[in-house]
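Both complexes shown next keep chain A, but they swap its partner, so chain B is in the first and chain C is in the second.
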Partner chain A sequence: MGPLGFLAARSLLRNPVRTALVLLGLSVTGALLLDMTMLSRGLEASLGGVLGRLGFAVRVVPRGTLPFSSSAEIPDGERLAAEIAARPEVAAAVPVVAANLYVRRGGARFPSFALGVPGGGTGAYAVLEGRDLPAAAAGAGPAPGSPPADPPIVINRNMARLDGVRVGDVVVLSAAPEPFVVRYAAPRAFRVVGIADFYFDLATQRSVALATVDLRRLQGLPRGAASLILVRVTAPARTGDLARWIQARDPRVDALSIQGFLDRAAAQLTYFRQFSLILGTISIAVSFLLITAIVTLSLGERLGEIAMLRAVGFTRARIASLVLLEGLVLGAASLPGAFALGLLISRNLDAILRSAPSVPENVHFFTLTTAAALRTVALVLGTGTLGAVYPATIAARLGVAATLHAEVLS
Partner chain B sequence: MDDAQAVAQAQHAGGAPAPDRVVASADAVVKVYRMPGGTVHALRGITLAVERGTLLSIVGPSGCGKSTLLHLLGGVDLPTAGTVTLLGQPTASLSDAALARLRLRHVGFVFQRFFLLPMLTAEENVALPMMEAGVAQPDRRRRARALLERVGLAHRSQHRPGQLSGGEMQRVAIARALANRPALLLADEPTGELDAAAGWEIARLLREISRDGCAVVVVTHNTELAAIADRQVRMRDGTIA
Partner chain C sequence: MRARAGLALAALLAAAIAGAVAAARTGAAPPRVAPAGPLPEVFLSDRTAARLGIREGDTLELAASPAGPWHLVRIARVYRPVLYPTDVALRGLDVRLHLPDLQALLREGDQVDSIVVRLRDPARADEMVARLNAVALGFRAYTSADLARRNSSTFEVISRFHRAISVVAILASSVFLAAIMTLRGEELRRQVGVMRLIGISRRSVAAAVLLIATGVALLGSAVGIGLGYALSAAINVYYRRAFDTTILFSQVTPALLGLVAALSVALGIAAGAATAWRLLHRPPLDQIGR
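After this line comes the complex of A and B, so read on.
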């Protein structure tokens, strides 16, 4: 460490109580800055994490939409999925149908999100208990001569918990809230074969997964369309080429890579960025003023020392650098407190926000990523340095002889 | 530039009784301060040479320009007119940064109010100019300890200024002034805030330093300190009386 770094670091010891109070203040503003940095892209980062874990590199959706964001469907989605699956760089292409169903239980009807999949093993959800849907028997009826069996479904944890449903139980689903809506087929019983995590469930949402053929039969609709096609690739480097091929093949769809998905989602979440930008800016402004005030105050108390350093041989530039470093050191010293406090606050704020309706369980608003941490560190250090610019200017312009003379007279 | 070279250059300064020994000189120096209340003529045509290995005391009533002259000789201020030459170089011809480098390598300052950094130990205070001059840590540590030993404070090397007496602080300040082996040591009222015994100790120390070859200039009201100087300059109203 050079003399300036040494002196700047030791300057923290000059007035320990005052330094502690300033660091406390800077920790609070730094914590707010960290939280706002985490919030600005937290939802994207969290969403990206979940998407990455699912392992689907490309999502094919009706043009201009996000998965399950509307009732729009790809008219011949199953055929398009088959064409995509035939490509060499594709490991699997899973056409998925999303629908709203109603769980009939004890005379009441509860809305449920339904995922129609070709069969088990798609990776669209993770089975936690029991087993998955049959892979090959999707929609297949009972063997000739066998008693008719209830088709299998997989339910989510919320449904298991809220309705007391266990593996092996039978649940009755209908496509319409009331029986007199004749367009739809009659309610039908399903056998629960597994309980799963559906990744994007809301906190109290009921979800079920069933064979597409069973879902369409329940809806009274023909097969063929899909809400979404999930594509797993064997060559991630060729994801871009694949996405372009899909869009060229069917202009009615968008083929979104994970980043494309996140970019589109981010465009719909700008209010989080605006919110964090405003509060983050306020936090930086308060830190800046705090550092400017304290370093200027400290400088005023030791003009004689600064004059001595100049007399001893420190140049104006070195003195200015010393004062700037003091601001930097103050910022740096506040970082541990800022991170500890920021993480504590963000945990509580995240819990509050996630308790709101329409928020998926696996998604977080405040996500500490390496980029968020580095951005916070850079902003805190930059603010510390900039906060010391004004006192550094004063120190650099100090008249040595006049100051020494004034110090003696005082 | 080492001390020998500096002194050799100083030979060209001229105008002094022993040019080969001149470290700093003032030639017809005028210093005027323009204040809100009017113009103050602090120095009115001072001519003076400071020689290597001598202790020069400057005495005179308050406000007569003693400290101003000291600051000009040390290159922390520039004359309004006339020439101040420091180690052969007219200070007015040097940039601020070049003057700072010259002070760092060749001039030591001792102040009435010590100006030790309170968050550093005595040893660290002494080592400070060496750090700035880029002396390697083992060397500056060794030299700082040697200097503290020379001023009789080896046992206080790890104490902070707040734990030292006034006399001890001034001795640390003198050790700091000697850190980079200066050719010129300037002391402005070094005994001004000390009791008689401590003041005498400082006077004795400055005398020793000059005996070792350093040019020492002391501005003082202390008659004992002034009396032991090799040469005494008495000032009045910005002139040498």
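After this line comes the complex of A and C, so read on.
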């Protein structure tokens, strides 16, 4: 390998401008390949990362849906959650209710996503400022004899940033948007006790978390049903068994592990996977052509050198290996540029796609995972080597005497 | 003003119904609501009918949630809907009901998700929207143009994404062309040296190199356009079959062809100019290796 490496490096360094141009070209196509590899599973990886951080191994949803994707609810969801929580491998089962409410503060009124939780400390959101809802908020009321206090709510950062709502402020929540309708929709004042990250908020979405009992009262609905049950387990290895038990227990629900959730969501993301497949294939084809063209043309300039090497004892296989090594080295040398450029481009492309409506703030389309990086490295190196196959074949078949004779004449 | 709540509105909750339909086939037998008179009639899209394996005249049970209650309906027609680009990737089942039937199914009374208003004078749409919004009841009115703008924002983002990707592709092809022209220039080195030694002017040599570069670029763009047509056709065939639609997914337009050709020529001239400059920068004797 020593002499081959020396010769390959020497031939590549012989014309630095050409080699630099080839590396630049390979870096651009490699960058595109990296971006497409990141895009193909990026959204799933990003979503999986956020879901994993939340710590809920199983999500129980109305059958055939994804969390909060429709207004469908699990009948007797709270009772089902209690049964799930009684399982030995379950640390907590949190029934969550989702609804759209209207928040009024001063003269301003804005729609908001509302999350009804049994109490604070569920992990459905992360408190950033102030405090959480009381742990025993569900069913809690003011002490006998004391004036009724405003129930607590936690708001998201968008409401704090865009509407100027602060911890300690009082806002009015209602199930209906306009004053005329509000009169019949039992609006109620709430005190903001905390500001939280709700994980999957859209760019300008306002969200609030409040006790389920308060949310149901605003909606004028009885308690019992749930939009979603979040399940935290003590034994992650038994997640599959638990999901199967839940589905057997109630056929009206789907119990989704994180992977099951991602698989179901992935069915709606075929565009990105197919787009990345097409563009990734094109970038590989361009890299292949670039390497084949450059190595073949550069080989034409040093046929005499190749013939000399053959004359001094290099076998056809070693000559072919030398040319293949050049392709491999070109691919390897382009990797740092490909990764640097790819990451830079991906940030801009990600920003473009994330400006689309209905894209949660914590989710990214382009995610650099170990698998994506390894796949890109393997594809670039493989393409570099394959791109050199044709010139390697020419070099290996070279007639020594005829080539040397032609060199002397030229 | 003549307001009409169209039957199409009923389809807005089809996803929930679709989930319920799926549940009915595998779940425990839920309560069923017996019809008082003739069965309500529904329309099914051909895709939905194919997935469920049912046809016109068959009956179907619908519910607003997997828990029921289930309502028996009759399939009056299987039709092929006109799919909008926003709908094409949706894989849910699609059932259309008469509005009163859906309202009865949902048990939410006289409630609709939207009302489509046809005006006698469409030019007064903005005025009408302003008047409706001034009523301050629990709704918000939009003109069709406003709605189109709001609904097309995702496509505008995708379009911007495609444009950004095309910039990267142009960058890659520019470097490719520059590399090829550099190699070509080195091959021409001796010929250029000889041409200059026999008295051919720098301008003529530069023009020859530029001509070669432009020719390579034009030939490349011609091949590229051919490949583009083939790829576009393949994309349309694949996605039309995948989504069972006649929507055009990829289109090669005259404006696009003009842009590609112009870019190719510009890039070819730039690469040729750089190569010519490098070639003419060296003394002729040096170029022929003396």
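One rule holds for everything that comes next: the second predicted complex is superposed on the first by the 393 of 410 C-alpha atoms of A that agree within 3 Å, B and C clash if a C-alpha of one lies under 4 Å from a C-alpha of the other, contacts with A are read in each partner's own complex, and residues count from 1 in each chain.
Note that in this section a contact is a pair of C-beta atoms (placed from the backbone, for glycine too) under 8 Å apart; a residue touches a chain by one contact, two chains touch by 3 or more.
From a predicted model like this one, the values you see are computed outputs, not experimental measurements.
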*For A:D241, select first, second, both or neither according to whether it touches chain B, chain C, the two together, or no partner.*
neither
_For A:T65 in the superposed arrangement: first (chain B), second (chain C), both or neither?_
second
*When both complexes are superposed, which of chain B and chain C contacts more residues belonging to chain A?*
C
*Is A:S11 contacted by the first partner chain B, the second partner chain C, both or neither?*
first
_First, second, both or neither for A:D169, with chain B first and chain C second_ = neither
*Regarding the shared-chain residue A:D263, is it in contact with chain B (first), chain C (second), both, or neither?*
neither
*Which residues of chain A touch chain B in their complex?*
2-3, 6-7, 10-11, 13-14, 304-305, 307-308, 310-318, 400-401, 404-405, 407-408
*In the complex, go through chain A and note every residue touching chain C.*
15, 17-18, 21-22, 24-25, 28-29, 31-32, 35, 62-65, 70-73, 75, 176-181, 251-253, 267-268, 270-271, 278-279, 282-283, 286, 289-290, 293-294, 297-298, 300-301, 345, 348-349, 352-353, 355-358
_Contact footprint of chain A on chain C as seen in their complex_ = 15-16, 18-19, 22-23, 26-28, 65-67, 89, 91, 136-138, 153-154, 157-158, 160-161, 164-165, 168-169, 171-173, 175-176, 178-180, 182-183, 186-187, 231, 235
*Once bound in the complex, which stretches of chain B touch chain A?*
67-68, 71, 74, 76-77, 96-97, 100-105, 107, 109, 111-113, 115, 117-120, 128-129, 131-133, 176, 180, 188-189, 192
